[in-house]
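Note that subunit A is present in both complexes that follow, paired respectively with subunit B and with subunit C.
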Partner chain A sequence: MNVLSKTLAAVAVSGLLFHSTVNADTLEIGLLTPSPIADVGWSKALVDGVDAVKAKYGDKVNINIIENIQEGPDADRIMNKMVGDGNEFLVLGSFGFMNGGLKLAKRNAKRTFLHASGYKTAKNFSPFTAKYYEGAYLMGMAAAELTKTKKLGVVSAFAIPELISTINGFTLGARSIDPEITVDVIWINSWFDPAKAQDSAKALLAGGADILFSNAQDTPSVVTVGEEGGAYVFNLNGSMKEYAPTKYLGVVKTDWAPFFVASVDAHLAGNFEGKNEWLGMQDDVVVVDDWNADISAEMMAKIEAKRAEIVSAAVHVYDGPLINQEGKEVIPAGERLEDGAILGMDWHVEGVNSPLPK
Partner chain B sequence: MQFKLDRRVHYSKRMLIATPVIAIALAVLVSSVLLVLLQKPVLLTFHSFFIAPFENFYSITEIFLKFGPLLLIAQALAVGFRAKVWNIGAEGQMIIGAITASAVPVYLVDSTSALLLPAMLILGALGGMGWAAIAAYLKTRFNANEILVTLMLSSIALQILYYLLLGPWKDPMGFNFPQTVMFQDEALFPALFEGVRLNTSIFIPIIFTIGIWLFMEKHFGGFKLVVGGLAPNAATYAGFSSKKAVWSSLLLAGFAAGIAGMSEIAGPIGQLQRSVTSGYGYSAIIVAYLGALNPIGIIFAAFFLAVLQIGGDVALVSADLPISAVHVFQGLLLIFYLATYTFVNYRLRIIRPLTHSNTKPTP
Partner chain C sequence: MSTIEFFLAGTLSAATIFLLAALGELVAEKSGVLNLGVEGMMAVSAAVGFVVTFESGSHLLGFAVAGAAGVLVSLVFAVISISFLANQVASGLAVGIFGLGLSALIGRDYESRTIAATEGIAIPFLSELPLLGPILFQQNIVVYLTFALALCIGLTFKYTRLGLAIRSTGENPHAAQALGFPVFLIRYCAVAFGGLLAGFAGAYASTIYTPLWADGMIAGRGWIAVALVVFGTWKTGRIAFGAILFGMVSLGELIAQSMGARIPSQLLSSLPYIVTIVVLAMISTNTARMRLHAPFSLGETFDGVGPR
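Right after this comes the complex of A and B.
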């Protein structure tokens, strides 16, 4: 009983001591991530982004990170608590935080919200998405040179436009070099399920694929399977080269720093405007890196030339002619797929074998 | 050396009431050590867990938002557990309830009828019962173990949910995201107060609890159910059906879990999405046992667990605790509670290996 009363007293005192943690002069920035923050992966890329904000503003900002939060009613409460604790600028790191985050944004007009991978906007609520397909296109070119079976495999999270357009970009890049190449996709419906991702990767290898693409998996699961199975492998968001020292094809990195810093600038200046932020290589958000030494110099030159063309907008990954899985022409030669059609993409290009989950 | 637990003939009532207090003290003590090792603020953590949930009105309403489904499911499960029907698949019954209830707003997107909500309630209850009925049928017809069946049915329920969200029920304007349309206001429980998520569905568990209490304590049917579980032979001899116990236990749990699932999608979530249960189906098992399978005890247990979960969320944000540390603390609390409870009700006896002709129990 004595212990208890002491504890209770201590707890009560702590209530007085720690009540106010918010300093009016510093900007409190909150980051909510859907998976644990590891050395690599999606969540880590977001952390690197807010760290860049910290590097610029120093003591003027304070970063609060809450990791590994599942979408759902609990996430809504945690976001609510983050706002209640004084976070003025929130980065919501998963599409599952969209509806809860948007409600919160509407109630808190003076706070700024950045939301990953979504499609709804408000005055103070910007969804942000990377044009992964640009980087994946270049990876496809490299894959086309290295594949012997002409079969490429993709382990993919959710069949949302962001990921579908990335697979299509990869396929278009590969088939621009060798039109006989086909792509198989396994959808595992999770950002973070190492066991399932590995099983799927092994199944793809068993099916004859000798290049693997880990599409939005937050663990090195697929990358390690590639190394062990002797298949070249690449992934998104952050380099996982150390998990596949010999077979790492490269990385389609996302560097959120420029975008996060610009958004914080705008928030502090009072002119933040919520809009659909769709960022690619020309914004320095999508960066391709860590190319495998097995890629020939000739191919690297081709890739670099293509990269320059995409950055300068001379060419676009989704320039016509584009043919869908059913063999029907979607966009004729000389035309370009509209942004809206890419942002809402729900079809595969010719060359992808697997049907989309419908 | 062997250990044996003997049931105490006379146990201290005072100790029984002190049990939760001792458990909390022990959990606080052990996790304090862990927090110091993690270099996290000890006092702020416990403040987050036990004080912060009560610090403002919104937070208190959130406790009740969690309390509702926990109470509802745990009350129903406890009836089954007392009848020795081990339904651990309330999670799946909850998912199916959420699905069947969602059919209404998914197919009647434009309806503003006042009958939407009652229809969803009925469908949710029927869905949960239907799912539980599979286990009841397999148990009574083939004597299939209901622990395995209900657990595996939960996995199947989850896959059905994913199928619907990725396929026929996907929001056509939702860019292929695995979720349905947001439900219209008429398909949602009205909020109890402005600006909070707690809604009128909270009355369902309360009414249900009163019903269960009356049934178990005052009604002969409750007695029959318990006897059927404790001594099936005696029950058969007395003319009570143990099959009936299986059916009624599972249907009751399916009913409650189905409504709980419906209350989530027609409450804080407002649509059908991949995570609809918040793990209530499993947490409710803990609640049922924490409450000693007693309708009154379960009220306190559900409230306690709700506070603990809200407190855990606060600790994540305010005390910067990693989510696994939150789970460790919650786990410690439950383990210490169950241990303390056991030692109040049972005496530990150490049996030494035979050295002489007879064993002597140590005092």
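Right after this comes the complex of A and C.
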């Protein structure tokens, strides 16, 4: 299907030959995803988000999804077609859609664009990113209670700030409960290599880790290894509990619905303003869920208390004192790491064993 | 399981994907046909094997149908390149890319689904041995069969009339035809056999090694298999050795990271490919040796009439 639609899209775009007729009363919403839409994973979370818009507005909106679009020139052509087809509100689901999307946004001032993971903004172009590290911190607390070897393992895609800050949040959470805990990280340098992800997870288990964190792997590769290998495991974006019925630690879910709905509201009201949307638990975008029943009630109470503190902004995951891998103090007690430093994070906190690839 | 046990045991099962596909490619190349569509054949078969295993619950059936799918895709290539005399490189690439797209289509509704893996077979007594037991004698049956198959193929090429027929077809199809060998039939069969093994490799990848389906999961392993054939200078033993080496490098990278090695992971990730380039460069420096082992008419189309 996606092959077919890709081909059709490519053919259609060459000259924007056939525009679909657009009913003026309905808002056409276009979503472009970088990977196939499965039952779980990143693209599914985006689809759930636009579905929530549909649920609110019903017949007043029409959702058009094109999935599995590689970043690059193909994506630019397909975005052009989506605009040509009359989509007034576009959600671009991957970092690599940024420059092409921004160009389109500048040419189409009346249309609204949301763009995942980027950093460039325009009046009608908002990048959005989740503060995964907030949820990962809470997962770290739970992991600290359940680990016996005091060693946690992370299978991670690319060493980009978003993923680094998530690992650091996880480590800080775990060490807030038990400072002896250390974290091993394997970078597989791929968003998408389930075989490598599974091998990495097994290597971490063989190295003594008994908790696994699948950092931004879109398939349940690591999660199934956790269940088979008897290690608690959690992941990001969407619940994979069914792949690890007994060993699922929980999920750091992204619920884009509130953000997408609010953005569509603003678009319809004519007061949408493009800005950097960095969303966390206080925005109800990052949600921790599906906790394992093995976590004690006492720990769950602690986690809930910490969650409330983070939501109320009384506490921040990156409050000082923060010590880096080399043992140097980055932020002294009483201070807080700036947002910019988190968004550009390129260092690990103390407790992470593995060096950061540079 | 200790890290070293995991490393060595995992190496053999990782090597199996490479070895299966490379053996198939070896047979095709020995008959003079360069099939660059391995990656695509593996992808199609991985998707088909997964879907069949998922629906039927039978790994055996999954393997059988995946093998058949590999044969079908390879026959598309064979018709184009052997019967219609199209350029082998171009048609191989085209069929390979077609296969990648087709696999996405077949696996469309099964994205990110998982199945249960088969258990390894523990060989009595031997599997109880310390260290060696878990490494050598608790592997999946496909691992054992693959290495046995490598031995069979090596012996076939060396000692049998069939092996001679395939080799002479690859060295000089005109002479082979003059000797009465059915060159077209041999090439068709060799390519189909390559498709069969690529199909098994794909099924192994999606139903046993990583029992889940995800579009793009072959992730370049078919290309490594193609490189392995050159790496092993068209000799079965060396190809098997190369497959193990590649399995080792691909796993060793991950283990080095988990043990906190201070080497950039990007460098480690590219190690298998760096090794390929280095070895290819080393082999190619000696043109005489290269010519000695490469099937002489590899990659050349054969129209069945007239001498060159």
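Quick note on the criterion: the second predicted complex is superposed on the first by the 337 of 358 C-alpha atoms of A that agree within 3 Å, B and C clash if a C-alpha of one lies under 4 Å from a C-alpha of the other, contacts with A are read in each partner's own complex, and residues count from 1 in each chain.
Here is the rule we go by: a residue touches a chain if its C-beta (ideal position, glycine included) is under 8 Å from a C-beta of that chain, and two chains touch if they have at least 3 such contacts.
Since we're looking at a predicted model, the values are computed, not measured.
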Request  = Could you say whether A:Lys81 touches subunit B, subunit C, both of them, or neither, answering first, second, both or neither?
outcome  = first
Task = Return first, second, both or neither, reflecting whether A:Asn68 touches subunit B, subunit C, both chains, or no partner chain.
result = both
Request  = Using the touch definition from the top, say if A:Asn189 reaches subunit B (first), subunit C (second), both or neither.
outcome  = both
Message = Just to be sure I read the superposition right, which of the two partners does A:Ser354 touch: subunit B = first, subunit C = second, or both, or neither?
response = second
Query = Regarding the shared-chain residue A:Tyr243, is it in contact with subunit B (first), subunit C (second), both, or neither?
reply = second
Subunit B and subunit C footprints on subunit A, overlapping residues = 1, 3-4, 68, 159, 189, 357-358
Inquiry  = Give the list of subunit A residues in touch with subunit B in this complex.
reply    = 1, 3-4, 7, 10-15, 17-18, 21, 64, 66-74, 76-78, 80-82, 84-85, 95-96, 99, 107, 119, 158-161, 164, 189, 343-344, 346, 357-358
Ask   = Which bits of subunit C are touching subunit A when the two form their complex?
value = 1-3, 5-7, 10, 14, 101-102, 104-105, 108, 111-114, 117, 205, 209-212, 214-217, 219, 221, 250-251, 254-255, 257-262, 264-266, 269
Query = Any idea which subunit A residues touch subunit C in the complex?
reply = 1-4, 35-41, 68, 153, 159, 184-190, 192-196, 198-200, 202-207, 209, 218-221, 224, 228, 243, 353-355, 357-358
Query = Where on subunit B does subunit A make contact in their complex?
reply = 21, 24-25, 28-29, 41, 43-44, 46-47, 50-51, 55-56, 58, 62, 65, 162, 166-167, 175-178, 182, 195, 197, 264, 268-271, 273-276, 278, 309-310, 313-314, 316-318, 320, 322-323
